[in-house]
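Here come two complexes built around subunit A, the first alongside subunit B, the second alongside subunit C.
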Partner chain A sequence: METSVKQAYAIETEALTKYYGDFEAVRGLTMLVPKGSITGFLGQNGAGKSSTIRMLLGMSRPTRGSGRVLDFDIANEKQSIEMRKRVAYVGEDKRLYDYMTVGQMIDFTKAFYPGWRDDVEKKLLEEFRLPLDRLTKKLSKGMRTQTALLLAFARGAELLILDEPTEGLDPVMAEKLLELVVGAAADGASIFFSSHQIAEVEQIADRILLIDRGQLLLDTTLDSISTDFRRIRGVYDTAPVMSALALDGVKRVAVDGRTVSVMVSHNSVTIAERMRAQSATAVEVSPMTLKEIVLESLKRDQS
Partner chain B sequence: MSLSYSTNTVTLFLKPNPASGVPIYLQLKEQVRHACETGALRPGDSLPGIRALAESMVINPNTVARVYRELEQEGLLELRHGVGAFVAQRGTTRWTAARTGQMKAAQKAARTFVGELRRRGIESDEIRRLVEAELATSDGKVPLVG
Partner chain C sequence: MTRALCHKAWLETRTRFLVAAMITIAVCAFFTLAHTWIENGWERDLIEHPEYDNPAWFLRAMRDYPFFIYHYVYSDFFQKIWVFLAVLLGIGGLSREAAHGTAGFTLSLPISRLRLFATRALVAVAELFALTVIALVAIVLGSWVMRLPYPIDHGLLHLAPLFAGGLVFLAASLCLTEFVEGENTPVVIALGAVGLLYFAMQPYVDGAPLDWFAVPFAIPKLMAGPADIRRVGDVAWGGLVASLAGAAVFTAIGIRRMQRSDY
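After this line comes the complex of A and B, so read on.
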């Protein structure tokens, strides 16, 4: 990586908050995205993902709290402009200038980015076989997407922020996009991407951040999900003492008749032992997929 | 359409299954080991570059780097500066022969064990669950896939 290692995070937010009128879209979000990581940003529709991304990109101002992207203050106009030279953004809407041809669009974009990667441009032009002299407004939907991807990935950005990047793409293009993400990461770029496709997050991310109703619910690594997160199920002879399950690592407890199901983020061995000691028979410990963990974490408490 | 061939070492490895409960890095590590054990990769053979392997498997390049680094520490691979990763020469490690024997014996033991459970009427997915539960409880470590 060319950039200095003076700070370890590509994105830092501190109590970031955004109101739209009375509606709190983002509520005191504090999060860290390490440099060089591929971080998946998960949450339901309306959880505050896009609002957060808009603030990070300087497209809207935080109501409260602060944030830094590549060590630039997101609320400072001047710094935000510097930041945007180093950050590439791909959203669901692939915006292009209608009056330009594909070739003009590429030359125009190239002029703004000193780190432009001619090799990436060449490779993607060959791969996508884009018609250079066609007006962008006359492109098919698939070609629009390919043009937008070329413009984003050839910029040589230090940080890529992707909002639902594979939404609406066919499976081949979706896989191609992930391949581009992986290639950019191999070049040292940090990646921050929101997605509803849990399978693709599991495939390429090393970290995940899950938000719900504008707040951080889960911040963990994919390795930790495989090795530490567990579901422990025990069948009890007598009614279990729930307070005895308030142990380090217990995330959620669900009781269904005599069966108690616990989601733990770590410490599974001790917790399973405790359940056995509490007269639970048939204590079963099983690994959890990211999908199960996300669904379980988002279950509303019945209180 | 004609049948297409690829002689790239990249095709040696299968795309990992993220939902298996085994970290992707362990799945890849096990695949590299397996390729060495079966002779698909031999001493002196070069491995794909980090970028090439990450792109072809569509996985995180940090994962590939970590696997190569750990396998170097275990003596299976050699990392040559600016050139890439190679399977270590037999002379520098007794890993391959010893490990091959071990794995063959373990495979035999696994076959006997699974056969015994089947005779008792336990179904495949039940066996899988039992083994997973056992590994998950025993020491917090996860199973390696072959």
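After this line comes the complex of A and C, so read on.
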């Protein structure tokens, strides 16, 4: 039973922590990424996204805590190697070996993946029109990104981990990349991608993890955002009793004069009724966008 | 996978290797092809400037061609270049890749860090060995062209310790690049250290008796071997084993560092 539960997740971390010297880049991060999902890993620059990804892939070691990717222990090198046979990664800067041509990069990478998808390689080569005999250092940034994507998508991976995949790309290229990600997910791959672009996460993700200063602030689905997340505004004649708003689902309470604004992740009906019962003269319940939720959550963290 | 990794290591170092091969050929060929010209110049100097204070090896090098090659190639001039080349062949690794921005790609591949290191080291050793062969061929061919008798076993018996000593510097370089981040910083540090070592050891290379405190650093003398080496038994095997042990220690330290590093 326990095994089947674990296998439901592509990524699991438990109190994952990373220090660089005295700086705590990741603080006790506990998160679950379901298999088959497209999970957006949101956060500002320096929030700890890349540090987390590097730990997941065995590039750096956790200071504390544990993690499993496709049920392989990230701290165990043998298991990490097995995991990496099933995972494709595209880093933020998408740098490739300067001394190799595009063709050599493909041949080199292919050698490590018995399940290499020649069909995907061919399709993307045609689509991107990559010059096989050109050194990667002579490629434009867009072409280098396309090469990096080809090398990742043709691995036939169960899990794609993309670190800021659209960073530095023009809108057309970024859009194409997002289409590829959705296509890979449709083929059965799980996707875990970090970004600080809320719009692109909203466009393709079905699950959101928001991290700030190394801590998880939000773990929800896009569906939940549209159906459950609400902002409730109440205008009071007299000062409200704030402790009365300490209810299940309340994520943030802000007071501006006689107006109380509450961000709720669920339970909005009960919370609105409680505010009316507290003599709020006008209570307004409105849906929230992902952008509003992210900004509110980050405000809370900064307060 | 190993083949792909070896190919990667070769592509990464091939420019350095080809430059090293050209330098090796140029230097070794120069001292064979230009021997007569140098010798004539020395003889002229002896006549015109009898007041010159010539070093101890000078007169023998004028009369004894294998000794001339020993002095310039195995003991002094080329040995210094050789050590620089060995250091350059060892530069690379994950720290350098991190500076380049490719460490993430490499580490996402399903291979152990140990295998990455071992493959890179293996290719570098193979390149150093190839340079040894190139040096021997250049000396023998150059001597043949100039009709100067040069015994091949003399070359073999001197190039063997030169290769073994080169391994120490290669391993030190492999190790250093795991400790020092950056693209060029390890090169500057390694070459600076080698320059200092040779500056300090030069009096002994020139023939001064070895002081006790200089013994642990006497690798230049060990690489040169005795001038009158004639048989396998003349090779300083103990020193060679110590060299290889030193190379192994540097390699082990480098591996340990790499295994523990975050990229």
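The working rule: the second predicted complex is superposed on the first by the 293 of 303 C-alpha atoms of A that agree within 3 Å, B and C clash if a C-alpha of one lies under 4 Å from a C-alpha of the other, contacts with A are read in each partner's own complex, and residues count from 1 in each chain.
Criterion: a contact is a pair of C-beta atoms (placed from the backbone, for glycine too) under 8 Å apart; a residue touches a chain by one contact, two chains touch by 3 or more.
Just so it is clear, the model here is predicted, and its values are computed rather than measured.
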item: Joint occupancy of subunit A by subunit B and subunit C, clash or fit; value: fit
item: Touching partner for A:119 - first (subunit B), second (subunit C), both, neither; value: neither
item: Contacts of A:179 with subunit B and subunit C, given as first, second, both or neither; value: first
item: Contacts of A:104 with subunit B and subunit C, given as first, second, both or neither; value: second
item: Subunit B versus subunit C as contact partner of A:269, first or second or both or neither; value: first
item: Which of subunit B and subunit C A:170 touches, first, second, both or neither; value: neither
item: First, second, both or neither for A:95, with subunit B first and subunit C second; value: second
item: Which superposed partner A:237 touches (first subunit B, second subunit C, both, neither); value: neither
item: First (subunit B), second (subunit C), both or neither touched by A:248; value: neither
item: Which of subunit B and subunit C A:127 touches, first, second, both or neither; value: neither
item: Angular separation of subunit B and subunit C about subunit A, which is computed from CA centres of the superposed model and rounded to the nearest 10 °; value: 140
item: Shortest span in Å between Cα atoms of subunit B and of subunit C, once chain A is used as the common reference; value: 25
item: Residue ranges of subunit C touching subunit A (in the complex, touch as defined); value: 1, 3-4, 7-8, 11-12, 14-15, 100-105, 107-113, 260, 262-263
item: Of all residues in subunit A, those that touch subunit C in their complex; value: 20, 54, 57-61, 77, 81-82, 84-85, 87-89, 91, 93, 95-100, 104, 107-109, 111-113, 148, 151, 163
item: Touching residues (chain side subunit A, partner subunit B) in the complex; value: 36-38, 175, 178-179, 182-183, 185-187, 199, 202-206, 222-223, 226-228, 230, 268-269, 272, 284-291
item: Complex interface listing, subunit B residues touching subunit A; value: 16, 18-19, 21-26, 50-51, 54-55, 58-63, 129, 132-133, 136-137, 139-142
